[in-house]
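Scroll down for the structure; my scribbles are underneath it.
Every chain is named by a letter (A, B, C, D and E) in the order it is written, and numbering of its residues begins at 1.
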Amino acid sequence: MSDHAIQVNGIQKLYGTVKAVDDVSFDVRQGEFTSLLGPSGCGKTTTLRMIAGFIDPSGGSIRINGREVTHLPPDKRDVGFVFQNYALWPHMTVAENVAFGLKLRRKKRAFIRNKIEEVLAVTGLTGYEDRLPKRLSGGQQQRVALARALALEPQLLLMDEPLSNLDRALRVSMRRELKQLQSRMKMTTLYVTHDQEEALSMSNRVVIMNGGRVEQIAEPYALYEAPASSFVADFVGITNFFEGTLVQCADGWDEVRLASGQVLKARAGEASAGKPGDVVRALIRPERIILLAEPEDGPNVLGGRVELSEYFGAVLRYTIRLDSGDVLRLEVHNFDRFLENGAPVQVRVPPEHLRVIPLDGRGRDAA
Amino acid sequence: MLRRIAPPLVPVVIVLLIFVVAPMLWVFRTSFNELVDGAYMVDALTLKNYTRFLGNPWYLMNTLWFSIRIAVVTTAISVVCAYPVALYVARTHGLQRNILMTLIMAPLLIGLVTLVYGWIVIFRGGGLLNSLMIALHVYDEPVRYMWNIKGVVILLVYIGTPYIVLSLLDSIEKISPYLVEAARNVGASRWTAFWKIVFPLTMPGLYAGLVIVFSLNFAAFAVPLMVGDTSTQMIGLVIYREALLNNDLPFASALSVIMIAVNALILVGMAALFGRLILRKLESDR
Amino acid sequence: QDCALRVTTWGGSYQATYEMVAEKFEQEHNCEIQWVVGSSPDHLIKSRLGQVDVTTNTLLNSIAGEKEGLWMELDASKIPNMANLYDNAKYSPYTIFANVGDYVLAYNTDHIPDAPESWDALWNPDYKNHVLIYGFDHIPTLSLMVLKAEQGGGGVDEIEPGLKRMAELVNSGNLIGGLDVESQMVSLFQTEDAWLGMLATGRMKELLGKGVTNVKFTRPEEGTFPLITTINIPKTANDPAMAAAFVDYILSPEVQLAFATRNLYAPTVKNAPIPEDFEFGDLLVQNEAFGRLFLPDQEKITAHKAEWQQELNEMTKK
Amino acid sequence: MTRFDLGGMALRLFTALMMLFLIFPIGVTLIVSLNPREFLLPPTGITFEWFRAAWTSETFLRGMGVSLVLGVSASLIANALALPASMALVRNEFRGKGAVSLFIMSPMLIPTTIFSLALYIYFVRIGYGSGLLPLLVGHTIHVLPFAMRIQSASLHRFDPSLEEAARNVGAGRLRTLVSITLPTIRTGLVSSFALCFILSWNDFPISVFLAPPGWTPLPVELFSYIKFQYDAVAAALASSLIVLSAIAMVLIDRFAGLRRVMRG
Amino acid sequence: MSDHAIQVNGIQKLYGTVKAVDDVSFDVRQGEFTSLLGPSGCGKTTTLRMIAGFIDPSGGSIRINGREVTHLPPDKRDVGFVFQNYALWPHMTVAENVAFGLKLRRKKRAFIRNKIEEVLAVTGLTGYEDRLPKRLSGGQQQRVALARALALEPQLLLMDEPLSNLDRALRVSMRRELKQLQSRMKMTTLYVTHDQEEALSMSNRVVIMNGGRVEQIAEPYALYEAPASSFVADFVGITNFFEGTLVQCADGWDEVRLASGQVLKARAGEASAGKPGDVVRALIRPERIILLAEPEDGPNVLGGRVELSEYFGAVLRYTIRLDSGDVLRLEVHNFDRFLENGAPVQVRVPPEHLRVIPLDGRGRDAA
């Protein structure tokens, strides 16, 4: 068997003049859990559907387990698929929906019965065997779609936002079940999600798509900590950007002068951010910024006022209007007090977490 | 519940009460009357007309049962003919679709009598089909395709097919391609996906087509009249003859009552069968 | 003008002739004629329901109506032209014949060079698959059956021999069919599928009119079967006087001649001689042909035909 | 998107064969209508004489007009009556639903001959023996069950939330029906209307009894004509009808296409 | 106008024997943003649909702006609604879908054009005006559903998981837009979501449903910090539970003895957790637990080993198997090192964040 469960090579899909998918290439290794992440309409579903064989690519090639399948019909690919819109068969009950694929594989009746019981238990649908899909809630329908795919224990499972309609508690438990199944069955998984928590926590690797193209392929930590572009940085998690000019770069430390005149010290990345005088962008994650309890002087300390506070339970996110006019978002955890809107604050931007990336002349990431 | 379902049903029900039930009551009453001298009807209360039919095996077998058989067979053949055509038409658009539809409907547009002339050219003893078959040595003696049971079956199938295409179209169009994809994905071949997903989902349309064509064919009179012979005495034809040619309204009425009852039984049976199988599952509800 | 007279007619050429001659009547009597078009059975039904003032009818219908007491007596004083009717065209006080055609034996001279002398030719096994007759609802076929019954020692009261003979014909394979739509019969002669068969004189004329030269007709020695158009006035007629005037008009020589020359229905009045040079003169049931019409008891046919058909169907069931 | 073509080629082939079966007699009709010697084949030439005769026959033209008006009116009324009823039946579960359903389908169970005779007699008895009403009623009732059946089929699997969404933005029942429900089941409605129209257009027995003088529908005229004398006039008329409806279809398509373009 | 935009009073919905909604009551005040939160299938959609008038309640009553509407048809309620399954009209383009309601209100053409432009801009759909719904991606369809409702500027807006198919970045921006629209238009909003971050950050109040019933109605902070039941505690955010017996309760501090014998000090809640000897449950949020860098002795310090670590970008969650056998989940932010699975750790459970709630005899929350 090939080392790669999926090899996607330069695939394309045109709808008239709309380039839904444009020269996308990536591989998924055997047993790996890979996520496709990207903004709405960026071509995730289209890519997945080409791999499953529902759409004929306008160009490029697809291999599954080393075998060229680009133009193979879907039933010859042996790939599990969970549809974004569920696609439950309306004339079949929950149990029948699940059993269909098993019957096609001529499984024994007892086996099918057990399997139905098992996957419905996993998806929390025990007791719903005889319901018709139209009599289920949205989340229940979504779980049937998942159960239907899991029942076949596919070697390769493609899922298109399979948990999007589930509450967090259920999603967490489903995620756990999926991961367990995946490692137990050594099932290779390609997972489309809009939930980056999901993508980061479950995946071995993440493919970031944007506008029909691949932006970055990386492991979760690398993706979050070293995004290849501002787009990725901003799309995966929240990022604060400071624009300025590089004034010095030595000893692994860069210095950036902001428009306000203030200078920020930052850790230099592996690649050089440029030479003094270059326009650069400095990035930092909200959870890295420190909200100072006491006024403080020193490098990388900025003043401002609270503009908005958002409470997420475990997290409190402040949007701060800096004295320079820039906006900064920072997150605190394990907090006990709330700052009023308008309250003056000081924050420290730890240099070791501030990264500098070069910019081209027009204010976009240099290529 | 009543408040919700009554208003939409009331107009139809009233129209039917006034224009169907009332006249049919007269038919029911007439079925107990008597015909004198084969010429005129007098009021009576006799079961003669019923016993004349029910007591005669020829009527039971060669008209009633014969009609049921013909209707079943022709409807079934029409379905087989129509289904693929409907599948095909369902995925055409615009002009192509409209032209196909015109062609499919054409036989019905031009009227039965004219149509029969078209068929005569093809099917008569020295017609196109026989000439072709004889030229190809499929057989050497002309075969009779008209003015016997063959003609009746051919023509009923021919006329029934467009009706079934029409009734199927909408059901086919409504099937989301995702449902088929999902089936293909779990390993169903085109064929299996068709039988297990597409076919069941077209049941509402198929059912409509079956009911329509079965009823039309079961009651057919013009077709057996024009292209049948003495052995194709379908019950609709017998009723036509008794009522109009032989003036025997009482007997024709009794025949009608029997026919309506039988037809109703068959429809109820079909409704139960289809309802249980599939329709109820697909009904939209709120 | 609020006078309207409702008259039944068959469609096609019959109505065309009716419409042509009616114009004059409408002007003279300042009365519009409304044609009630349909096939024979509905003429009777509409008469029954008082929807008609003058019924153009078949003899069988007229008889049925008589039994129900549907018609009013035709008053010779109001219909002066009745005086010109041949005696046998006055069927009863209620019913007269408006015109008469007949069903002759047509044959294809390429396959049957000599004119058959008898209706028995229909049974000739040489003509397998090439014989045409009218359907068993039609008077010529019913008449043929009675004829055969008489020849077999029965008659209209003892139909068995006739039925047997007809069943033989059906089962022999000779028949292309017993047809209901007359024009199909014409076409089948035209295409030479049919070599031999019954044909109304009117249809014969059409066949010849299509330029067909190898089909001829003959009137077998047993006689031909009449095609009779009758006239009745329903008791429920709105304006019996106007109805009578119209009937009188039908019996006038000009209308009689119009139906004769246009539709080949021979006059039933003595004062309408056919012009010597009329092309289809021999197709008209005139003179001796009229005398050789085989006209069995129509009342009995009316009373029994349903039974007969039924028995025949049983004898020929498959 | 994958389509459910059961082996594309096979389906195409079968459809082609079926289309051949369906249009062969019509092709023959067309040839006949152009052939000076009617249906003696092979044709001996081309003539438009039959067409001229068909299109100058006042009877046929009038009959066609009557049939057209009658077919359209009866189909409209029947579909309008059937729509609320089929919606009520498809969307609600209640005791006696089967019986109501069967009752509404009942005209379909009655042999046409008897029905038209009975209806005719009924109208005469209640004093409406003449006039257009009986004809219209007869045709409407005749096609009503067919409209019911096709519409019901069409309403199965209709997503009710589409209507809810419309009601929610303030559309009343009627507006929702017109703007949302009807367009969504358009194919079904068109099918239903076409079927009803064709049934009415082809009807003979009902018209024979119920048509008042001056309002004879085409099939009656045509049958009366053809029954006794066949010439290719009927074939010419039939061919014209098919050509006309084909042209109408093309025009409708162009028109609809144009509208789509203009809508941008 | 009434003080309350919505008053729901004991409504009920039975599907045959299924109690989809069972005696639910709550109010939404004018201008308030209220969320309905609860597990899949708990009756959120059903509740919302009854308020919109799509479903006839089997019992109870509903008032909108003080007016009794329980049996009023939906078009008479003037309530915006965003459908969980979108319910886009398939025969209308995006623009037509949006314009429909406006046309019904006989708005001027220019007004309608502007409005379409505006809401499509808000939902990031500019340029998609003439697409038919079936030619849009899942997320795009969902945004059309939202745009359609917003175009009418309803006074009262009901939304059923309107953002479930959007990526986080888009969701965050849509949330912001929604909040702005809401406060600008003083629009009362009832919002069904399975995303608690959404519910907590956007809402004035949250209604927690479970199994067709209301579990708790509270403001976000109260809900998270003082859940009324274990169900709420566990459903909203993650919660660690310790079961034990109350050994002492005085001075605002409780002491709980665990099965392992260890005693945990905890802050006493407002209501008494009971008397010494009672079976109780102590709760603490993962982000409150402190992962000790150095071994330490003292009260409320527990030892264990890392069993699982989940990386979410800004957050790292460890699942720890305590020496007592209990499982503890804790979250760290602003971290720079990862602990290996199996690594020994010590954690401190700060008494001030440990809450004690009473239990009934059968191990469930006392009523």
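Quick notes on this structure:
As a working rule, contacts are C-beta pairs under 8 Å (C-beta built on N, C-alpha and C of every residue); 3 or more make two chains touch, one makes a residue touch a chain.
In UniProt terms the chains read A, E = Spermidine/putrescine transport system ATP-binding protein; B, D = Spermidine/putrescine transport system permease protein.
The shown structure was predicted, so the numbers you read here are calculated from the model rather than taken from an experiment.
Any chain that touches subunit A and also touches subunit D is listed here: B, E. A count of contacting C-beta pairs for B-D and for B-C identifies B-D as the more extensively joined pair. For this pair, subunit A with subunit E, the centres built from the Cα atoms lie 22 Å apart.
Distance from the subunit B centre to the subunit C centre is 35 Å, each centre being the mean of its Cα atoms.
Note on chain placement: the centre of subunit A and the centre of subunit C lie 91 Å apart, centres being C-alpha means.
Centre to centre, using the average C-alpha position, subunit A and subunit B are separated by 58 Å. In subunit C, the positions touching at least two other chains are 39, 42, 45, 181, 184, 187, 191. Residues of subunit A found to touch two or more other chains are 53-54, 73-74, 85, 90.
Within subunit B, the positions touching two or more other chains are listed as 113, 117, 120, 181, 184, 190, 193, 197, 201, 243-244, 282, 284-286. Residues of subunit B that touch subunit A in their complex: 176, 178-179, 181-190, 192-193, 196-197, 200-201, 203, 278, 281-282, 284-285. Subunit C makes touch with subunit B in their complex at residues 39, 41-42, 44-45, 63-64, 67-68, 129-130, 135-137, 170, 175-181, 184, 187-188, 191-193, 299, 302-306, 309-310, 312-314, 316-318. Taken in their complex, subunit E has these residues touching subunit A: 15, 37-41, 45-46, 84-85, 124, 135-140, 142-143, 160-161, 164-172, 194-197, 200-201, 220-221, 224, 234-238, 285-288, 310-315, 317, 331, 333-334. Residues 36-40, 58, 62, 113, 116-117, 120, 124-126, 142, 144, 146-149, 225-226, 229-231, 233, 241-248, 251 of subunit B touch subunit C in their complex. Taken together, the subunit D residues at the contact with subunit C in this complex read 38-40, 117, 120-121, 124, 129-130, 208-209, 213-214, 216, 220-221, 223-231.
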